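Look at the two complexes coming up: subunit A is in both, with subunit B in one and subunit C in the other.
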Partner chain A sequence: MGNSWYGPLADPSGNAGYAADHPPRVGFFTDTSVCIGCKACEVACKEWNALPADGPHHDQPDLLDLTATSYDNTGALGASTYRHVAFIEQTRPRAAAATVDLGMPLPAGDATEVRWLMASDVCKHCTHAACLDVCPTGALIRTEHGTVLVQDDICNGCGYCIPACPYGVIDQRKGSREEGGGGAFKCTMCHDRLGAGLQPACATACPTESIQFGPLDELRDRAARRVETLHRSGVPEARLYGHDPDDGVGGDGAFFLLLDEPEVYGLPPDPVVTTRDLPSMWRHAAAAALTVAATVAAAFLGGRR
Partner chain B sequence: MVPDAEFTSYYGRPIIKSPTWKVPDVPLYLYLGGAAGTSACVGALADLTGRGPLRRWGRFAALTGALVSVGALVHDLGRPRRFLHMLRVLKPTSPLSVGSWILAPFGTLSGLAAASELTGIAPAVGRAAGIGAAALGPAMTTYTAVLLADTAVPAWHEGHRELPFVFAGSALAAGGGIGLAATGDVRPARRIAVAGAVLELVATAVLERRVGFARTAYTSGRPGRLLTLARAATLVGAAAATAGGLVPGRRGRLLSRIAAGLLNGGAAATRFGIFEAGIVTARDPAYTVQPQRARVEARRDGVPVGMSDPMHPNDPHDGLQPHALEPERGEDVEAAEDDGNGGPARNPGGDATGADPRQLDKG
Partner chain C sequence: MAEAHPVGFQWVMEAKRRGATVIHVDPRFTRTSAVADLHVPIRAGTDIAFLGGLIRHVLDTGAYFEEYVRAYTNAPMILRDDFCDTEDLDGLFSGFDPETGTYDVRSWEYKDDDVGAAVGPRDDRSKVPEHERGQIAGSGGAPTSTNPPRDDTLQHPRCVFQVLKRHFARYTPEMVHEVCGIDPDVFAAVAEALTRNSGRERTSAFCYAVGWTHHTVGVQYIRAASILQMLLGNIGRPGGGILALRGHASIQGSTDIPTLFDMLPGYIPMPHAHREQNLETYIAANTGDKGFWGNMDAYFVSLLKAWFGDAATPDNDFCFDHLPRLDGDHSSFETVMAQARGEVPGYFVIGENPAIGTANARQQRRGLARLEWLVVRDLNLVETATFWKDGPEIATGEMRTGDIGTEVFFLPAAAHSEKDGTFTNTQRLLQWHHKAVEPPGDCRSDLWFYYELGRRIKARLAASTDPRDRPLLDLTWDYPLDESGEPSADAVLREISGTDADGKAVSGYTALKNDGSTACGCWIYSGVYADEVNQSMRRRPGREQDLVAAEWGWAWPMNRRVLYNRASADPDGNPWSERKKLIWWDGSAWTGGDVPDFPADTAPTYRPPPDARAAEAIGGDEPFIMQADGRAWLHAPAGLLDGPMPTHYEPQESPVPNALYPAVRANPARQEFKRPDNPYHPPPGSAGAAVFPFVFTTFRVTEHHTAGGMSRWTPYLNELMPEMFLEVSPELAALRGLRNGQWCHVVTARSAIEGKALVTERAKPLRLGGTTVHQIGVPWHWGFDGLSTGDAANELLSVTLDPNVHIMETKAATCDIRPGRRPHGPDLVAFLADYRRRAGLED
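Let's look at the complex of A and B:
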């Protein structure tokens, strides 16, 4: 088994069978501390991938799918939304904020301030991708770039990848056969653009470089330095999420700098690829199957004519 | 900054995606596949021990189960015309792939055995095919537990050790129950049915005890009701099956047939209840966040996972506090219903000591 299913794995593409000269692993570093919530990433992604409106999945006849959650009108990642900008409005004690002494008297007692967290969520392209592991048709593959891709012409819409993803990313698109519905869809990291030497659409469109694209090692270094800078500037709550190869999914191809706990953004605090426990599952299933066989055999042996 | 100790979520939205699998298609398949698997074993052994009627029931039940199963599974696909893509690869990391490669030969061999039974042609081929199907039968009964457990759904994944035994017991009860409807010597079927019922009841109880944070999902709301119904039907069915063996003549046979219906109804209710519990835990982010947050905190503090802090016995990590779900349009909000324990918003009556350490630990 080695680290094919769980644990640090530096080269998932090599592990998947690509030749040693495959391109370096690429990914996203999404620095939410500079996100302005403009949703250019959402628009660029929808345009480049020709994604349909989200309407049918939310069971909402109205095209303006207002969710009443701040400026977030996509709600979550899904089969027609590969970039989802989350908005969280928080009230917190003023003392927790970074302050500059302007020589003015500070209000006494429990003064509060409001801050806005904005983050562009995306498929994590996990090192150990549960969606890929459970796909029975081989539609989900690891690409030469280290990303995870659904081959739409193979997918038969069995839906197994959907509950397998620990981040709740991949989903099944509704719609008729002519519309291409029924299959599972998720971010491709603009695989068609990568082949042409371009960056993914969202990274290209982001005006603040909140979404950064490049070789994963480089991004991880850059992210570590960015966190240090933020800590020095009085933003102690900045932390990286999905950067660690020792985490439950072997580290993500798309990782984040967050300003609060992951669950505040709708991310799981400690995701683990379900395949980690698969050997144990098969062992227990085998034991149970043997129990069935033994029970049936014993039942017949007991009363043999 | 949001304090760590409280449960937070993004506007109460789910974190993982619940399965898009259709009801009744998939839970019905779980039940039918198990019943078919046991029936194939019963049919083959009945054949080898000269019990004609039992053989007949076993073979027909195996084929019927396999056919309806395949129909349900193909219907459940998002792109049904591509159902053969299931056999493109054999992938051990995908229980669905492995299962397809169990179901396909099982169905074929069951078909051959049943065809021979129906036409009377080539009984030797029928016998060999029946034995082949029987060899796959036990796998048919338990691989579906791995299918459910190999997801991020908390109720299923956290029960991955117990689910195979629940499904095994349920399949034995169902298949044995079907055999009870036959005429002639059905003593083996009776033994299988009762043993299966006992295993199903015990394994379900163990599952509910050991599943950790997800326990609330199994014991409240619609899943709780379904599983209670299943328990009752299985208990009464086992009693009726036993009585059917003790009471002679027509009344005994009637009791056996009642047992067959109750045991199968109970087995089906078990599968539907477990399926439903999974959906509940997928939709409520609390089931995903709380155990994971507890793991993170334990690692941070260097505390063995799952043990309460003796300095703070009322630590909010003890037990699950699922929050009331925002009703989605047109959806049945079972998770927000009163569960008899004072509603999901409060700490449900459950394990006061919190999750079982094994469930939160590795492997």
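Let's look at the complex of A and C:
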């Protein structure tokens, strides 16, 4: 059995106790270099998961006002928004923007060019998922597919998972139980489709294969090749995010190809599973308790002397 | 394309993945620009100057595909001595009549062209009535001589090639910069990429959408792209072509089986009152003498048999007199203006929302308000059905609900997922869609509605002996119904495809007869039900097929995937290159991946005898089989009404004069409507022009569909694009005091609309010589009903039309923009009157 709190872990499902014949770990590879920002993933996700339209503010469905943040009126992931397409407008020197040799030099100098980055964000389905680690009811589980799932009939809405997530993904839906609220919600990777051999709704709807679904190992290979291709064709800024099993969450089940620093997309540059230090904290606590106990014992023993 | 056709755009992304260079030319920086290799911002309404610049570049640098141009285009044809170009007449072609604003087109023809003798008793085309302008030729290509004099060395000073060179000589990169605001080095990069990727080994494609067609020179935009593609040898070859991305699903289908007033199915012209008195004179006036249009009589008689069945006999001209006759222009805008005059009692509006979705929306509502009755069928209770209570004129007090006598019938409609049928797309591909769910409540398909309407009217007229009821009573109206009373769409498609004397499905239009033994609802769709199989249902995956994928759906005509594909081989019948081969002559027949768009056994060496007609009259090296001379037209000797070659004219409203032809500002043959409800802004240079100093262009976003009838009632889409907005540059925002996310309003002489300012670096002012032009992006998805409401862009627009096809100019006009909300209620009326007064426009 590998390290179940931190560091690389080849088989999170096996680690969680599934039998050796469990299905392979699956995930998303979101290649933002081909995202056209159509938001089909957002709509398909809401349709399949029967999520409420929660509006640009996520809690006032009837307040339809423009955020005026490029074409992003979703803002962030939330309890009723499992996919979020970010739109980032950048102005940069034109020379840096010439990604394809058009045969003629384009004017450089002071000239600037606009770049519009689009990227569909989602729950990362971490190898080491802090939300799962802190859940006191067992509502959050590791599935046989290696994904992280909230069982909404078990979740009691305590909300511990919310600050635990290093990406700020999971959230609590307002409203009563009867209204479908109260609990914590996030991307299920369409768990109810996986068992039937279907892809998640977002990957199915994506017209440009920006969202790719499959066994995680295959996706990682494919992503590495895609980065190489982009580097060869003059896109040196292409890089992967969340693919590395050595990172702070043991690698993401949903990872990305980005064209700029993660912070530009609103992603933490160096996410760490917030329960990483739990073992040492427990060890320290235990040591402290022992020390106290020893001191107390020593005091009594010393007192008799 | 990524913005408005995201599903189709997946193939552009696939091409890009395989190494294609994607260039996006658009006044706005859109989602397409974001993933293109190069975005070329252009001043709205100046594309002919840009394309003309590319044409000049190709001609000047010798980058054209010389063998292709010589053999397959009309470059060698010699023009009449009295033809004068815009170079000779300061921006006009010969034949212009300033009184009527129309051209006498005869001088544009080939030398020694005697069209009358060549094609039979056609009408005198110098007096083409307005209402049959672009459509005069039907499917057949415009009539002209089949064998005019030519100079294959392309040196004769009056040959098309030399005329074309002179015509485009002044479209220099500097002029492109001056007119379009495109940097010469950006222009050079485009020219280089395009020419390098065209020729024997490579082909380039053009994709366009309504951004090109919605202009007073819309047809000439497409002509300019066609000329460029012909010169580069990019027509009829794999990977080439000009792809028209249509504005809605199956708009191609509703052109093929038309909702147009002057067309019958398959681009057969509508008969005219008093001119085509019987079947014989109608056929004689409309049949081509060369190519497949030569059998138009078979297609037409088969159509009459499909409609009138056993009642159609040789003795009664197959019920030819049952067809209505054209007596004038009944196009959309003419009809609405007639409504406003109180001349139109009733109106069916099906899946359209003109109360906000058509240019000069106020004029549309004024028309609706003068009807006796109005039928609206839509998915949602759209503005066209509620204008009488929710319309802007009610708010301003210009109309009162109590004064509007229009009786409105709203009938809920089924969506495409709630009914069977086909979509016909850009590539002429018919794809079947199966009903996925039952329509909710009383919603019904259009097919059910029209079937029931016809059935009930026929029942009411059953005892009538009035001859005017005969056409309805004779209509065949016998489709099988399912358990819910829904007629079978499959049976309708089979009727469209056609049946023979035994009632069996025909193989295609070559099996149709002119003797009444066959029936066919639309000849170009004939064969879609060949072998009694609904071919449009075929779904064999592309990975199981070759590159052509002929077994996915069905493309008209005859499942050909690339039109004019004879041009993919050289005159001797060999592919131009191994890499770009499609069909070729194997010594005894045309063969290859696609269905040949050519008589299958006509050898490349075949030369038709002088008396040959129809398919036999096509020479073995003449790929453009629908054209009278078998060639692609660089210069159009017939068929167009505003010039044989594209010429840059400014839009009806623009902030600058015509730099290319100062004497002729806008298209001289455009259709204007100078009416109080359709005021035009003063031209640049006149006193009031500065009142409307900016350019606006209308556009779509991915999240909404057209005027919002489908999308503004859908919560999941509204939350993604919740509110009307106006896209402006930081420079314009600074100039006018606009703040991102705050209200602002755009004003024209027609109306004022408000929205939130979206200030973005994506919008850039264009510098043309000494002038800076600011362009405002105005999405047209909003209206006054629905879950997300907002002002409609069409309030701003005037109606000015392209003369060939009566399309309105929505993509370029002038305006003012100001911070804050627009005046509401009666204040708006006074506000607009003040604007018009300041602009010097009579009120």
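To be clear about the criterion, the second predicted complex is superposed on the first by the 260 of 305 C-alpha atoms of A that agree within 3 Å, B and C clash if a C-alpha of one lies under 4 Å from a C-alpha of the other, contacts with A are read in each partner's own complex, and residues count from 1 in each chain.
Here, a residue touches a chain if its C-beta (ideal position, glycine included) is under 8 Å from a C-beta of that chain, and two chains touch if they have at least 3 such contacts.
Because the structure is predicted, anything quoted here is derived from the model rather than measured.
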A:31 in the overlay: touching subunit B, subunit C, both, or neither? Say first, second, both or neither. neither
Tell me which partner A:260 touches in the superposition: subunit B (first), subunit C (second), both or neither. first
Answer with first, second, both or neither: which of subunit B and subunit C does A:247 touch in the superposed model? neither
Going by the contact rule set out at the top, does A:89 touch subunit B (first), subunit C (second), both, or neither? second
Under the stated touch criterion, which partner chain does A:136 make contact with: subunit B (first), subunit C (second), both, or neither? first
Contacts for A:144 in the overlay, against subunit B (first) and subunit C (second): which applies, first, second, both or neither? neither
Overlapping contact positions on subunit A, where the subunit C interface meets the subunit B interface: 67
Touching residues (chain side subunit A, partner subunit B) in the complex: 5, 58-60, 67, 69, 75-76, 86, 88, 90, 92, 96, 130, 133-139, 154-160, 162-172, 177, 181-184, 237, 260-261, 263-271, 274-278, 280-282, 284-293, 295-300, 302-305
Complex contacts: residues of subunit A adjacent to subunit C: 34, 36-40, 42-43, 46-47, 53-56, 61, 64-68, 70-71, 73-74, 89, 91, 99-100, 102-107, 114-118, 207-209
Touching residues on subunit B, where the partner in the complex is subunit A: 1-2, 4, 7-11, 13-21, 37-38, 41-42, 45-46, 49-50, 76-83, 85-86, 88-89, 91, 93-97, 100, 137-139, 141-143, 145-147, 149-153, 157, 160-161, 163-165, 167-168, 171-172, 176, 185, 187-189, 191-192, 195-196, 199, 278, 282, 285, 288-289, 292-293, 295-296, 328-330, 362-363
In the complex of these two chains, what residues of subunit C are touching subunit A? 2, 6-7, 9-10, 13, 17, 21, 29, 31-35, 37-38, 183, 185-186, 188-190, 192-193, 196, 701-703, 715-723, 725, 740-741, 756-762, 764, 787-788
